[in-house]
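Please go over the structures that come below.
What follows is chain A paired twice: with chain B in the first complex and chain C in the second.
Up next, the complex of A and B:
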């Protein structure tokens, strides 16, 4: 129907010129609050980054770049000094000063009654000192390299506007006075966030006068809204629609490797883990996962290329690291394990399981991209080398509680980290509640040498040396196959023709980084 | 000449008015018990599943951070203590703050309610005002081709899944034809202090697709009920008598037939209205309609217990109220039914 095509083109062209300065974006997850210190979850932070800045920002490769602080350095082993950006104004016209920074750090520390508080990022700070209006010093009890990283998570609010403010005051825009690229106009819970450009933004004026962030968690609704022209751009494209949008000349697709790594945890601490037995259901003499050969065999039995190409439809890359390629501490030399089913069988036989064994693989079914399908595929692949694998999936709300209670001996987890050493600390360091190590090490792999390297790294204030230590720890740990690495997800955005976006590894969707072409 | 049963209706009406307070008080007492039981069930259920900290805590948090967050929300206390604290606050009218939103749960639900009510009313209105005439037609002229067409259509309305029909509506009217917006609620204006969207053309445009989608099933249901009732009533003696007396066909159908077939229809409309409010979830998610259904799904996903409890309490109360209203209308329509006999 050429006439309809023609009409469509005319309408599209008209729509483009009419809304040249307005950008409507479809977000994939609900924004629960615009109080930037209440709940630390990605969708809320994504909205907050439009209105607020932090001292330290990260670029598209999750590397630290100056934000409201123009530079930072350790002046001694336990003191960090931050130089603040001069001439920055809040949305209400008042000046940004060190007082606002101190106030924000304190507010984040005291808002503790939240299921995801920000308090952990400011916990290491033992003293704060204002040297002059544009210099602050933060003291920690012990040498702590991660402070600049942590301060990327603390949004700076205006002391004047936010003193005594409750979450409601931020939602109503009264207290939501930041220094960010947009001013908050209106937050309609469960529906949209409306923003207006901050012409005085220190980081350069955004191309859009007005931005509407629509909250559209249903994948089909989001894609349909883009196709129908109700939105200009959307995030988080379902894998099934990728090809369609890629080949459609009216739209443009941007992809980049995300910081999220999919992996499998294996119980390495109990002698008789639950749901692990021989093929007749009788308990095994010992826990096979305690043997590194078995863990390697499992890893070799998995055809990562097939998962990436078929299950993920190209929306992922095979993983050989805990963190994805652009991230701090990534080791080039660590390649994805090669698919060698015969070698896997041989390893199993050497370890004393020539006939394999039986286990249950647990996975959430609403958390990660195609999580259930990935688990099913892995189970099929393990069955081919003789490990009889059942799959049990459940909603994330049930899954994580049971996983943390130690109910699973073989379980899927997705992980996003700022840096390799943070990922190692959470996932493979020996669990130790006092030190905060191994909080997500469900399998309880333990290697004192890795722990020591990590501790050394976190106390090393020099970035280069710290990255070298992080790499060393990663190579040491991953040699033992403490977890089975599967793939890094890709983050994807689709937008109508005429708009460009620089995709980000941290998966954030920032209106100010969309540009008309 | 007034119909002979007019007098009975009259006395029934007065009995109804006089017996109402007793009836309502008894109903309310039953309701309080139901609400208590309901909240206890939800408490135990959510407690058995887990806690929101496991889902919402940031990945970098260590064990101490997790414990601290759980304790700060009072989720480390034994279940019975948590429930007693809830009861105490509930009696003072406070159902707790949402964990995810940090806003009183009741406020959160009430601000979403107008959107859902608007959608539910629009859908129910569509179903009633289209369904009854179409059903009558199909009942009066079952062998004509429009009658057959209506019945075939109603089979489709029954059997096609809502989410699929919703997607097809979006694909056709929003993506292909571009006539209507694909999702969302239009701009709202205040009507008696309640934000509504149907007063503006833009609002109506947004309302058409989701309301149609939600109405489809009820529409088919009402068509079939009306048709069956009509066909049955047409064979009854009083209709034959009315015809024999020479009443016009309009009066026979419009008054005598319609009134008698309304009883089952009112019951079904009432019950369905409750379920439309409570379970508009599918339509709300497909059309990104900012109503209560979307809220409850989001809250269940993060185990936001105060919202789940408050939502279910409100829905149960709504059902109780709707049932009460249905019983009253029912007794007005059918004088043989005494309200005191109606069972909760």
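Up next, the complex of A and C:
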């Protein structure tokens, strides 16, 4: 009977739409492009990971796991060999081969007009060789242990689709052909990224047919959208709303220690750093931060527990390491400095500052969780041991430029690293642009022994030995208090009941890792 | 028969006709006194970081701090007493509002008078400047200036002067143009008085009434603009919050029920602006000759 048939079709259609699972996620930061080789910033990479893969992936604890490469090894001290995964298809149905890898490495190195280039990750590679369609060899000038790590940052694009493609072609989804769990449907800058499931994904089919990544940088708006049911999950929960979401039975909260460590840099290279004086504003005879006792006093003056409990509302753990506990090279023996204001005052007096001194603490006001509040709280605590502290905050767009220009003598920085030795290299190694050391060492702490240990470590291809060297370097450096460690942030996600997410240390929000329950 | 009144007496009498304006004036006086004597009547110096303790943060109204101080209106995210914060914040808000308006009036007045008196090219140049400035929204100009200059009370005042002077220049010019053609100015010119004397002794006093009205309204606008800028995080420094910054600090907690951090400073800002506007409205009626009964 035609009517029955019609009814059946209608019911079937309803059933189908009900089954077409859609996931709507609220992201906290703006995605500027879907060209995976354009700008190396976390929000862009987060979006790119949905469409593209890399040779090497990392798991929830930022340890390396196979991606498009199923294995890799150093066949001699300067050659790495990668075995590629067979049978992987791009979104357009073409096969993934070594040609695409070589093309992607070259595109990442040469993409013109890239404001934050990926070139540094491929710079150590001096020669690329295709052994067979599923084996490549990469040569470096010197032994270089970090190559597999670095290749985690290079997304593999399709040679066929991306040849001659510009960044706009990726943004319009024409050239954005990858091997990742989703195909790019539409990218609307500042608003959303729309994705459709790649049924042929090598890593297992995602649970969601359609995914929408909504860009909602305003914290309150993001939380409100989740509460109103406009979104299924959000990342980066403002600390003020944590308790509320935790206690609300309709939502689930997931937290995990992030790889981001908050720290304070202290000028240790100038005799008269800017905005550092005695309490009447007269310049000091010498730079107090050059004295390790003063640096230790500052560290002891800070009540990390109060910051974690009151300012971060439990959304952090006190830091004694440059990297957080799950990360390669973490040293258990390095504990957070104990809060001892009296000892801090004594140390200051010993160093010749019984009355303290005055300085300005700089911080961004839109970059890290509660950055402004953390800076003010640190200022409070320093004021109590006699260091008169002013706080100046500004948007990150202004802040980092001024910090790099050396305008600040005391400044807040948050840093995430794959490993302890990479963190040391960026934050406390003697600055050397040619070697890529100390790029974020604003205070210019310098210890040749630490530098030597790091160099030795990066040339050590054995993971165990390298981790031991990284730990040794960390213990040696942190004994001098080269920076003031504050806390490791927790990364947080909230989702409606019935969805689960395995939280990640690298703070990424991956739609394919959300699962219905 | 009506008794002879001096102009000032007439103004006072007319002003007192409105109960609303009088109560506005009373509230405004109270606010001014509070702002003036804030350091004496505040339970805590909210700008002295050594007096704050983060362990006292976000306490509800009526709680006691670790040092035994009572937070009558609660505390903010740094353990700052909201009541003291409001007292000091009023000081900054009013100070910034009045100082920037005064400077802007002086600049705008001088520019407007010069434009009207000298006319010709001087008039053209000054008024084109004013036109350009008025074609941009005030908040936009202030945002750009502060983004370039950085935070600070002095810089905020400067930015507010820059966005306000053009209003006064335009108003004064139009009034002065009318006055300029009157006989007493012609007489003064015939007496060969120096231009500065004519402008400031003869032209200026006759242009004042509309200016006073606009300036009073603009003080309220300047306070609101300062609050907006601070709310956006580019006005006053974070450790010396004005009302706008206090409201901003509490905004994150609005959804989590800690209303007092934003609510009370918000009320204070509202009351201040309303009372100034009440006074300004009545002043306008009193000083406007066309509304004379």
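By definition in this document, the second predicted complex is superposed on the first by the 496 of 517 C-alpha atoms of A that agree within 3 Å, B and C clash if a C-alpha of one lies under 4 Å from a C-alpha of the other, contacts with A are read in each partner's own complex, and residues count from 1 in each chain.
Basically, a contact is a pair of C-beta atoms (placed from the backbone, for glycine too) under 8 Å apart; a residue touches a chain by one contact, two chains touch by 3 or more.
None of the values given here were measured: they were computed from a predicted structure.
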Practice task
Determine, under the contact definition given at the top, whether A:238 touches first (chain B), second (chain C), both, or neither.
Solution key: second
Problem - Partner chain(s) touched by A:224 [first = chain B, second = chain C, both, neither] - result: both
Exercise for the section: Identify the partner contact of A:383: answer first if only chain B is touched, second if only chain C is, both if each is, neither if none is. Expected result: second
Problem - More chain A residues in contact [chain B versus chain C] - result: B
Exercise for the section: Identify the partner contact of A:214: answer first if only chain B is touched, second if only chain C is, both if each is, neither if none is. Expected result: first
Practice task
Determine, under the contact definition given at the top, whether A:285 touches first (chain B), second (chain C), both, or neither.
Solution key: neither
Exercise for the section: Using the superposition on chain A described above, determine whether A:307 touches chain B (first), chain C (second), both, or neither. Expected result: second
Exercise for the section: Look at A:38 in the shared chain and tell me whether it touches chain B only, chain C only, both, or neither; answer first, second, both or neither. Expected result: first
Practice task
State whether A:30 touches chain B only (first), chain C only (second), both chains, or neither.
Solution key: first
Practice task
Please indicate which partner A:373 is in contact with in the superposed arrangement: first for chain B, second for chain C, both, or neither.
Solution key: second
Completion exercise
Residues on chain A touched by both chain B and chain C 220, 224, 366, 395, 398
Practice task
Note which residues of chain C are touching chain A in the complex, please.
Solution key: 48-50, 52-55, 57, 77-79, 147, 150-151, 233-234, 237-239, 251-258
Handout entry: chain A-touching residues of chain B, taken from the complex the two chains share
Key = 49-69, 72-73, 98-103, 108, 111-112, 167, 170-171, 174-175, 178, 181-185, 285-288, 290, 294-295, 298, 300-303
Fill in the blank from the handout: chain B partner, complex, touching residues on chain A are 8, 11, 30, 32-33, 35, 38-41, 112-117, 119-121, 123, 153, 167-168, 171, 188-192, 214-218, 220-221, 224-225, 227-230, 366, 395-398, 400-402, 404, 415-418, 422, 426, 431, 433-437, 439-440
Exercise for the section: Would you mind writing out the residues of chain A in touch with chain C in their complex? Expected result: 219-220, 223-224, 238, 240-241, 243-244, 303, 306-307, 310-311, 365-366, 372-373, 375-377, 379-381, 383-384, 389-395, 398
